[in-house]
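Here come two complexes built around chain A, the first alongside chain B, the second alongside chain C.
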Partner chain A sequence: MAIKVIHPGLATTVQDLGRPGYFHLGIPEGGAMDRLSLKAANLLVGNDEGAAGLEAVFIGPKLEFTQDAMVAVTGAEMPIKVDGVEQPGWTAFAVKAGQVLTFDFLKGGARIYIAVSGGIDVPIALGSRSTYPIGALGGFHGRAIAAGDELPVGEVRKATEGKTIPEALRRRPGMPTELRVVPGLYWHRITEQAGRNFFEDEWKVAPEADRMGYRFRGGRPLDFVAREQPFGAGSDPSNIVDSCYPYGSIQVPGGTEPIILHRDAVSGGGYFMIGTVISADMDLIGQMQPHTPTRFVKVDIEAALQARKDRAALVGQIKALF
Partner chain B sequence: MSKLEIRSPLPGTFYRKPSPDAPSFKSDGDAVAATDVVGLIEVMKTFHEIPAGIAGSRVTFLVDDAEPIMAGQVIAEVEA
Partner chain C sequence: MPMRYSFGGDEHLFVECSEDMSLEAFFNSLSMTTGIKEAGIKGVTEICPANASFQIKFNPDVIHPDDVLREVKAIEAAATKAEPVITTRIVEIPVFYNDPWTHETLMRFRERHQDPTGTDLDYAARINNYASVDEFIKAHSGSPWFVSMVGFVSGLPFMYQMVERKRQIQVPKYLRPRTDTPRLTVGHGGCFGCIYSVRGAGGYQMFGITPMPIYDPTQKTSYLKDFMVFFRPGDIVKFKPVDRDGYDQAVEDVDKGRFAPPIREVRFDLREFQNDIDGYNAKLEGVLNGH
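Here is the complex of A and B:
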């Protein structure tokens, strides 16, 4: 069983839930940017929640199936078609051998997740099938899929056609999108006024937003507390002595444009971090288009842990359907 | 006279020129061939060329230079 790639889309990669454990060596966690959507798609087609699927951003691929398959597409809102006939999202549908899966223009969100019963069976690299294109690691030959590729599919699992995830359990970013942030270790580097401005201002996703990080524009520049830069730090006031960059951390080079590090991020460097987006909200970033208005909402660690519990409960509700 | 539409395949920022001080790819009133580039869309640190996809005798742009654009949004109308 294989899937033939007729058109790859813009940047379609094989992703599972990532490869934690190597970030200290500079190899990012990787994996689906919207984890809940990938898990839901996998469960719909009878896979384990962490099986490998396809993540397609902004433009869907055109795929031909060489055998009958059960498929589900979750995440962004993008009309799904099999041989030209529209199929529902967040729902398992059957595809017959020789049929072609295509997508129309994106209507909302940013990334779709395509799961196939049996999962995309590329080799495991450092514990994961996720593609890290910059490191040419994992996925299909370490790169985004391309026209002519034949993606191997694992042993087909039992799945029920028409099974669907109810609307209430699908999670989408709001407009403006609110991202909850725990202020970080370097909070003291900016003035009180700058800290207030950061959370008051409306920001917008910049075109420079991808799997490594999401850049934002539109808020007021940050003012820094004056200091003599310590040995090892660069001369700009936004520079620090090199530090680890957590997943979700927000660096603000030059104090002007915040960048949230996402799943293919670098693991360290010399920019101060104003805070960290809570883990429960990281999936939402994966569904943000350029120019999406965004507010950062200040929360404490207790609120972040509660949000993590709430999100785990939501995933639990989805699992309970199966 | 029938009007056809050139739609954006992806969201991002639309540019009518290949670089800031270059002339526009196409001006209102120009004829277009299907393979002619009508603009660039910047997204994910990359500029993507947008071909007209259709041919016509007169093009009219509906999106200005450096404007945000949505997937599926009409970039220009073309008279056949």
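Here is the complex of A and C:
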């Protein structure tokens, strides 16, 4: 069976939980930006939590099903319709052969996850079906889906129509969104005052926000500790000898606009970083729209580990429903 | 200088071997990452060497970050004493300098450049005190380059020029990054050379283009059938200038599956290299040419 793409949306890609193991060659992990939402959608339609689904940002696709299917949509708030009839989010619903799945305008969040029973069955590339468009790797021919594509679907799994994830187990970024950060990496390059300002200021998501990284504006520029630039680093005080970049790391080119690297991160480069968003808060970034007010909250490793446990417990509660 | 350790959130350990770039710093990074690989620390999922630093990613559900730190620090003493010797590959890469495609691109983004009146080659030759672009190309292709990092995007090599520091080519990056760079552009930023593995954004000065693909996710390229990424840290590269005919011929050879980049296995000893850089480079070139 297959899904025919009538309209692709803005940038809709096949994503699973990513391809770890190749970052040392510049090939990022990739996968769903909001992992919890993808897992929930998969569980609702009877898939393994890591099956491949569709991630659509800001605008949903228009899809025609060639066979009966069980579908679930999670993540952002975006009205879901089958042949014009509204369907609930975070809930398994049945689609009949020939019916068309569409979406209305986005109401909150940024990315929806569409899971289909059986999963999107594109070939596995380096251990994953996730699309990495920069490297033309994985997904549907290494790119975002386009009108006319026919997406293959795997063997249908058993699922219960109407099964839903309760509101309390759905995680959404607050307003302003708080992102917890462990300071480190090249934190010593900025002055103490600049470090305080960074955590005090309110920032806003800039329009340049995608799977590679999220840029922020609105806070005060960071002042640097004076030094003679090391050999090979480049002349700007924000330059370093090109190093690796952690996922979630916050680089600040020129000291002005912080960029958080996300799932399709470049693996390295020559800009200093002041810290890293904790793993438990990475999903939230995937649901942030441009202009979202944002506060960075300073935490230590132990707090980051506790947040990670809390998040794992939440995923555990969702899994326990099935 | 002691190594500097820092956590990158709860999933990464970042280690800076040196603030300055040097081959010593790279060898420290390489022996550390090799040591970490051999130690088989549980919970470690990625080991990424860089020019003068490295990073490891771990699963904190399996191992506490403090334990990762302790185990990696335990490797430091032995790793920094390791012999700076590797068995690696030397490979010859054809380059069509001053080609029409990077030329078209650099003209399109001229307002983002330090010197809008000339080309990237004119600018790089001038600020590095070469009398002409030809002299500059001679220097660029005259000595080998050491691949000190693979990354940024899909298999892109960062290359460190194997000459004394005072002779190393250095150029700033574009004032504002371009939104486009032709695939397989040979570029340079700071002290590093690179080959853009895919088309896309970039800030390095553009000197030429190679006909030799270095990343192929379809794995149809004859020498990329085993793995889609060509380069590994530690590779040694020698550029060979080719003209338009040479470039076109190589492109056709790649398409027909008969392009075979000259590759030789070679033992590289950092101390011997530093005792006599030019003499050692001549020997390396001899190996490449089958002497």
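In this section, the second predicted complex is superposed on the first by the 322 of 322 C-alpha atoms of A that agree within 3 Å, B and C clash if a C-alpha of one lies under 4 Å from a C-alpha of the other, contacts with A are read in each partner's own complex, and residues count from 1 in each chain.
The rule we apply is simple: a contact is a pair of C-beta atoms (placed from the backbone, for glycine too) under 8 Å apart; a residue touches a chain by one contact, two chains touch by 3 or more.
None of these values were measured; they are calculated from a predicted model.
By the touch criterion stated above, A:I124 is placed in contact with neither chain B nor chain C.
Between chain B and chain C, it is C that contacts the larger number of residues in chain A. When the shared chain is aligned, chain C comes close enough to touch A:I301, but chain B does not.
With both structures placed on the common chain, the touch criterion links A:H291 to chain B but leaves chain C unconnected. Of the two partner chains, neither chain B nor chain C is touched by A:V225.
In the superposition on chain A, A:L321 contacts neither chain B nor chain C.
Of the two partner chains, chain B is the only one touched by A:K107; chain C is not.
Contact with chain B, but none with chain C, is seen for A:V57 once the two complexes are overlaid on the shared chain.
In the superposition on chain A, no contact is made by A:A147 with either chain B or chain C.
Residue overlap on chain A between its contacts with chain B in one complex and with chain C in the other: absent. Of all residues in chain C, only 6-12, 14, 16, 18-22, 45-55, 57, 60-61, 64-66, 149-156, 158, 165, 172-173, 189-192, 197-198, 200, 215, 217, 228-229 touch chain A in the complex they form. The part of chain A that touches chain B in the complex is made up of residues 10-11, 57-59, 104-107, 110, 207-210, 289-291.
The part of chain B that touches chain A in the complex is made up of residues 7, 9-13, 42-45, 48, 68, 70-72.
Residues 20-21, 23-27, 125, 132, 134-137, 142, 182, 184-185, 187, 230-235, 239-249, 266-270, 273, 275-279, 301, 304-305, 308, 312 of chain A are the ones touching chain C in the complex.
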